[in-house]
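Listed below are the structures to be examined.
Below, subunit A partners subunit B and then partners subunit C, in two separate complexes.
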Partner chain A sequence: MMRVKIKSWTASFRYPTFQSGYQPTLPVPPLSTIQGILSAARGEIVSFKEIPFVGYVFMSEGKGIDLERIYALGKTETDVMRREVLFDNTLYLYLPDEWKKYFKKPRFQLLLGRSSDIATVEKIENVELEERVNIPVGGTIVPVVSGLPGLVHALPVEFDYPTIPRRAKTVKPFTILPFPRNAAQRRRQTYSGKLLYDLEIDIGVWFYEGLHGEV
Partner chain B sequence: MSDIDLSENHFEEKRRENGMEFYWTGHPFVDAGLAAILLIAGKSKPEELQKEDVSKAVDFAAELYATKDWSSSYLHGMIFPNSGIVMSNPSMSKKRSPENIAQNLWSILEKTNATNPDSPTCIICGRKPAYTGKEIYLSVFPLLGTGGVTNYFHSANPKGADICAHCIFLTQFLPLVSYRLSRVLVIHAYPYELMLELSKGALDEIKKSKLASQAKGFRIPENFLFHLIGEITRKVERDEFWENASVTLYYFICNLQNQVLDIINVPNPILRFVAYANKVDYVGWRRIVAMGWKGKPSEAEIENFERERRNAVYSRLLNYESILPYFYNLKERKVNASWNLLAFYCKEVAGLDKEALEFIKSVGDRIVESIERLPNHKLDDEVRSLERAEKLHQFEAFFIRIEKVRQNLGIEKPLMTFDEFTKILTAYGEDVNVSWKTVRNLLLFRIYEKLHDRLIKSDKSSEISEVLEENEYAIFGGEGE
Partner chain C sequence: MRFAAGMILVDASHSALNMLGIDETTPERTVTRVKKLRKGSLSYPYVSPQAWRYWWRKTLAEHFEWNLSPMFREEKQVFTAANPIEYPDDDVFGYMRAIKKGNVNITVTRMSPLKNSPLISLLPDRSSVTPDEGYASRHEGDPVPYTQEFYSTVLKGVFSLDLDFVGRFTIIDKAGFKNLLSKDEISKLPKSLSDVKSEYESILQKAREMNAQIDDREIFMPKEIRKKRASEVIKALRYIFGGAKQTQYLTDITPKFIILAMFDGGINPFVSDIVYEDRGEIRFDSEALISRILEFKEIINPRKLFIGKDKGFMRGWKDELEKVKDSLTENGVEVAVTTVGDAIVKFAEEIEAYYD
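Moving on to the complex of A and B:
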């Protein structure tokens, strides 16, 4: 399989329903953001249905709050709101080899959140991940049934785009696991089942396969 | 590949003949509403809910929501501004009655399975068609945008958010398990059994006073949570209660002028540590927490401080910053808690491994064994040089001093081997939580634990001179942190 390393200065991943006055960011992107990145790279809307497997690991060096002026559509009045932003971010995407060509020359600008959160491809590599048990996982979201402790929230998996406004196709509760910061956190985020392990980044990767739009 | 197949339906939908069908969604506000209904029914699983249970919850909520106390300052002022459903809209005051509110609630619920092929899927539960009876803005669901700024929504959706009747209905019960501090506190937890446990207190208080729960007078959400953890832990026998718990606090206000939200995720290691501390060394834990307030509170003041003031220990824990210096009192040269609690903290929060901890403890014991033979004033000098070590070379110099002490006293074995010496200075420097300063703090803890009585005596007997001149360290070089 291949691994693509994507970097960005800023990132923001909105909670699906907190959108007035203050917009917090999720600590890691939901699957729907990954869908967006894949779609931008290929140049057309991608559904997970078409992708045999996908996994990702996200890391961020910090976060802060930005003030942003919002123009109300069709009105002259503006509003200032606070938006949480993640800084100095890295996203590793694990995909089948045929995705190399899209990330070598992405069709549209890759984004880690909104249109200002511009991202670039830093490296595309072939990787061999090793299957292991009892390894830590993080920088990603996992199904709540995994039993791992984190931030539980309902998140969109995939959007359907033919309509305006776009519609959520699949939504499920997930546990959001930040990239572990120390040995204690790694221990708490250790999954007892089988996972593929990325030796270089020293983390287990949670793969979603055969999503088939159903999750 | 991950061996949980997401396509398996982990909810196991149970359709009921009476049409009552509820489920957890993972959304804090919707789940809070469901928790309220379950708690009122005295049940723990959504699939057990019967129509009578829902009826009971609707009547209970409608009765309260129709009162002035709830309607204007709480519902309208903090959660559902101008709501037509719970009738917090001030213009509805004449028509506002328990019956009318109950009727509104039922009429939402009835729409749950309304099938409109055109309806998008709910963005919260992903299972039901979005409610189309009215635009879904913040008066219906807290912290959504308003119709005035439609561009908050996807493609400026003029209908607001795609949320289904099930999720809207449940959210109307959120105030029954929320705590009213300066803002509204919703505690979202998983497993859901834990969520029920953490929300129960709010409903109990509401039942008694008919007023919104005041969270026992707490004004700061994390202080309240840590207080609850203590209470529950001392009550619940099972050790594994917090084992894989996920807890997040949503602390918000939603009215027409102001929408604010703080999301405080409490990392699992912190939950387990606070629970352990309450169980194993409650008195020690209280002393640690007491040091986290500015203006040291007296025993009698602690309760008030707890309710009203931010605590550095709590903030540091939530931000993954070290609280090791709070385990002892540098001024009085005594420890606040047991080695047990310290060890748990080091292992489960700071991430120091067991061997490292044992090794540092043994070095601490060897230091104690060396310096306890010294006369009081000399003893004091040595400990002071460790207390004052703010730079790595000063820390090195401390060990060399102790080695000299051992030679002078004629102790045959050296304090440490060369390997041990390098290990203690360099092996713990990678992580911000586990640096040589961690080691220094642990050593001081051990020394205070063993030698407190003597250190206090010597403290009184002699005013300590500036023991060491800065240049005395110079020979050992090294500036590093």
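Moving on to the complex of A and C:
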């Protein structure tokens, strides 16, 4: 399989339950953001059901609050809302080899969130991950059935694009696991079953296979 | 596909270009802070991406006579005309205009071909931000104390312009790509929406008058218009002005350093640490830039890199830039190391050539 390393200065992933006022960001992208990135690279909407497997690990170095002037529904005057952004980010995507060509020459601008979150492909390489048990997992979301402790949230898996504005097609509950920063967090996020392990990043990678509606 | 990608450095030697407002956590509530991003124990001042875009749009109006799209208020909503045929800023900066009347949803959206990052400080706050103690006072009455932060740093920013989508409007049922209504949809609009109907008919009429190429799914503006819009977006960087507190700090926000190139892919290789901080000094890493460009050698098209630097800015970078030039030239990538203005003009010419 191949691993693509994507970097950005800023990133933001919408928290689905917050509609107005303060807009926090999820600490890691949901699957629908991964769908968006894959679609931007290939130049057409990608559905997970056509991808045999996909895994990702996301890391962020920091955070900040931005102020944004908005035109809210039902009000003619403008409002200022606070929006959280992630700072200095890395996203590793694990994909089948045929995805190399799309990330070498993405059809649209790669973004980690909104249009200001311009991203770049830093490295595309072949990787062999080895299967291990009892390893920490993080920088990703995992199905609730994994039994791992963390924040549980209903998150979009795929969007339907022909509706304007686009609409979430599949929404499922997931456990959100930020990339573990210390030993305690690594212990807490240790998965007892079998997982593929990325030696270089020192993390277990949760793979989604034949994802469509199956999560 | 072709993208004009760039990186700029703004010499914000005494500035407060974008404020966060009053810090409510201090007991006095008299401290006005600048916006910052936190990373570990350090914070970095920054300017919002939308602030940079706002300056950009205004500069295009001021220096290139862009007829900016007017703001409308309808049914308690505010939006621009969403008419990219007539208004170049709707074309380049995108829009969303949500209209739903009865059962008819005629929302149009356009993804912005121009994307830009925030402008982020290279120096952390401890070596760049100062709380300035001030007193609002006249000769009578008690002076009122207040504090406002400002910084002295260099800000970095990147942008990417999708050249294919400038002056090209898609009518596809996909969020971001339904830029206009189709002929069919316009003709089927009910009587209650006659105003929308006549508006779209006149947009199409205008497109025909301007000699646009129109089919069911797309409208292409004549290449002269596309060329003009795309190259002026880049040229505007030479004159860009704006930002908060200009009365007090008079910051020149035109780039003092710029790197420009075109790529056949939607990446911006300058989103990396080509310029970085080392113990309070701002440094340029020639090796980083060389390796980034060589990595994308297959998709850099034409094989040219434009680097502009203001003579007075970072005098010590001269040798490093020569290294970039020598190394990349050896590898078949032409490098122009010149002034900021000249780099922008030359790059704009390359953009124009793309549409021929």
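Couple of notes before you dig in:
Throughout what follows, the second predicted complex is superposed on the first by the 206 of 215 C-alpha atoms of A that agree within 3 Å, B and C clash if a C-alpha of one lies under 4 Å from a C-alpha of the other, contacts with A are read in each partner's own complex, and residues count from 1 in each chain.
The rule is short, and it goes like this: contacts are C-beta pairs under 8 Å (C-beta built on N, C-alpha and C of every residue); 3 or more make two chains touch, one makes a residue touch a chain.
Computed from a predicted structure; not experimentally measured.
Using the contact criterion defined above for the overlaid structures, shared-chain residue A:127 touches neither subunit B nor subunit C, since it reaches no partner. Of the two partner chains, subunit C is the only one touched by A:88; subunit B is not. With both structures placed on the common chain, the touch criterion links A:65 to subunit C but leaves subunit B unconnected.
Contact with subunit C, but none with subunit B, is seen for A:10 once the two complexes are overlaid on the shared chain. Residue contacts after overlaying the shared chain place A:2 against neither subunit B nor subunit C.
Of the two partner chains placed around the shared chain by superposition, neither subunit B nor subunit C is touched by A:201. Of the two partner chains placed by superposition, subunit B and subunit C are both touched by A:166. Using the contact criterion defined above for the overlaid structures, shared-chain residue A:53 touches subunit B, although it does not reach subunit C. When the two structures are aligned on the shared chain, A:107 is found in touch with subunit C, with no touch to subunit B. Taking subunit B and subunit C in turn and counting the residues of subunit A each one touches, the greater count comes from B. Residues common to the contacts of subunit A with subunit B and with subunit C across the two structures: 71, 73, 75, 163-166.
Residue ranges of subunit C in contact with subunit A, taken from their complex: 1, 3, 20-21, 35-40, 43-44, 46, 48-50, 73, 76-79, 94, 98, 105, 107-109, 111-112, 115-118, 120, 158-160, 162, 173-175, 178, 264-272, 298-299. Within the complex, the subunit A residues that touch subunit C are 7-10, 40-41, 43, 45, 61-69, 71, 73-76, 78, 85, 87-88, 104-111, 115-122, 161-166.
Touching subunit A in their complex are the following residues of subunit B: 1-7, 10, 24-30, 120-126, 138, 141, 143-146, 148-157, 161-163, 188-190, 244-246, 248, 254, 258-261, 263, 265, 267-269, 271, 320, 347-353, 431, 433-434.
Residues 16-22, 24, 27, 53, 70-73, 75, 79, 142-157, 163-175, 181-188, 191, 193-196, 206-212, 214-215 of subunit A touch subunit B in their complex.
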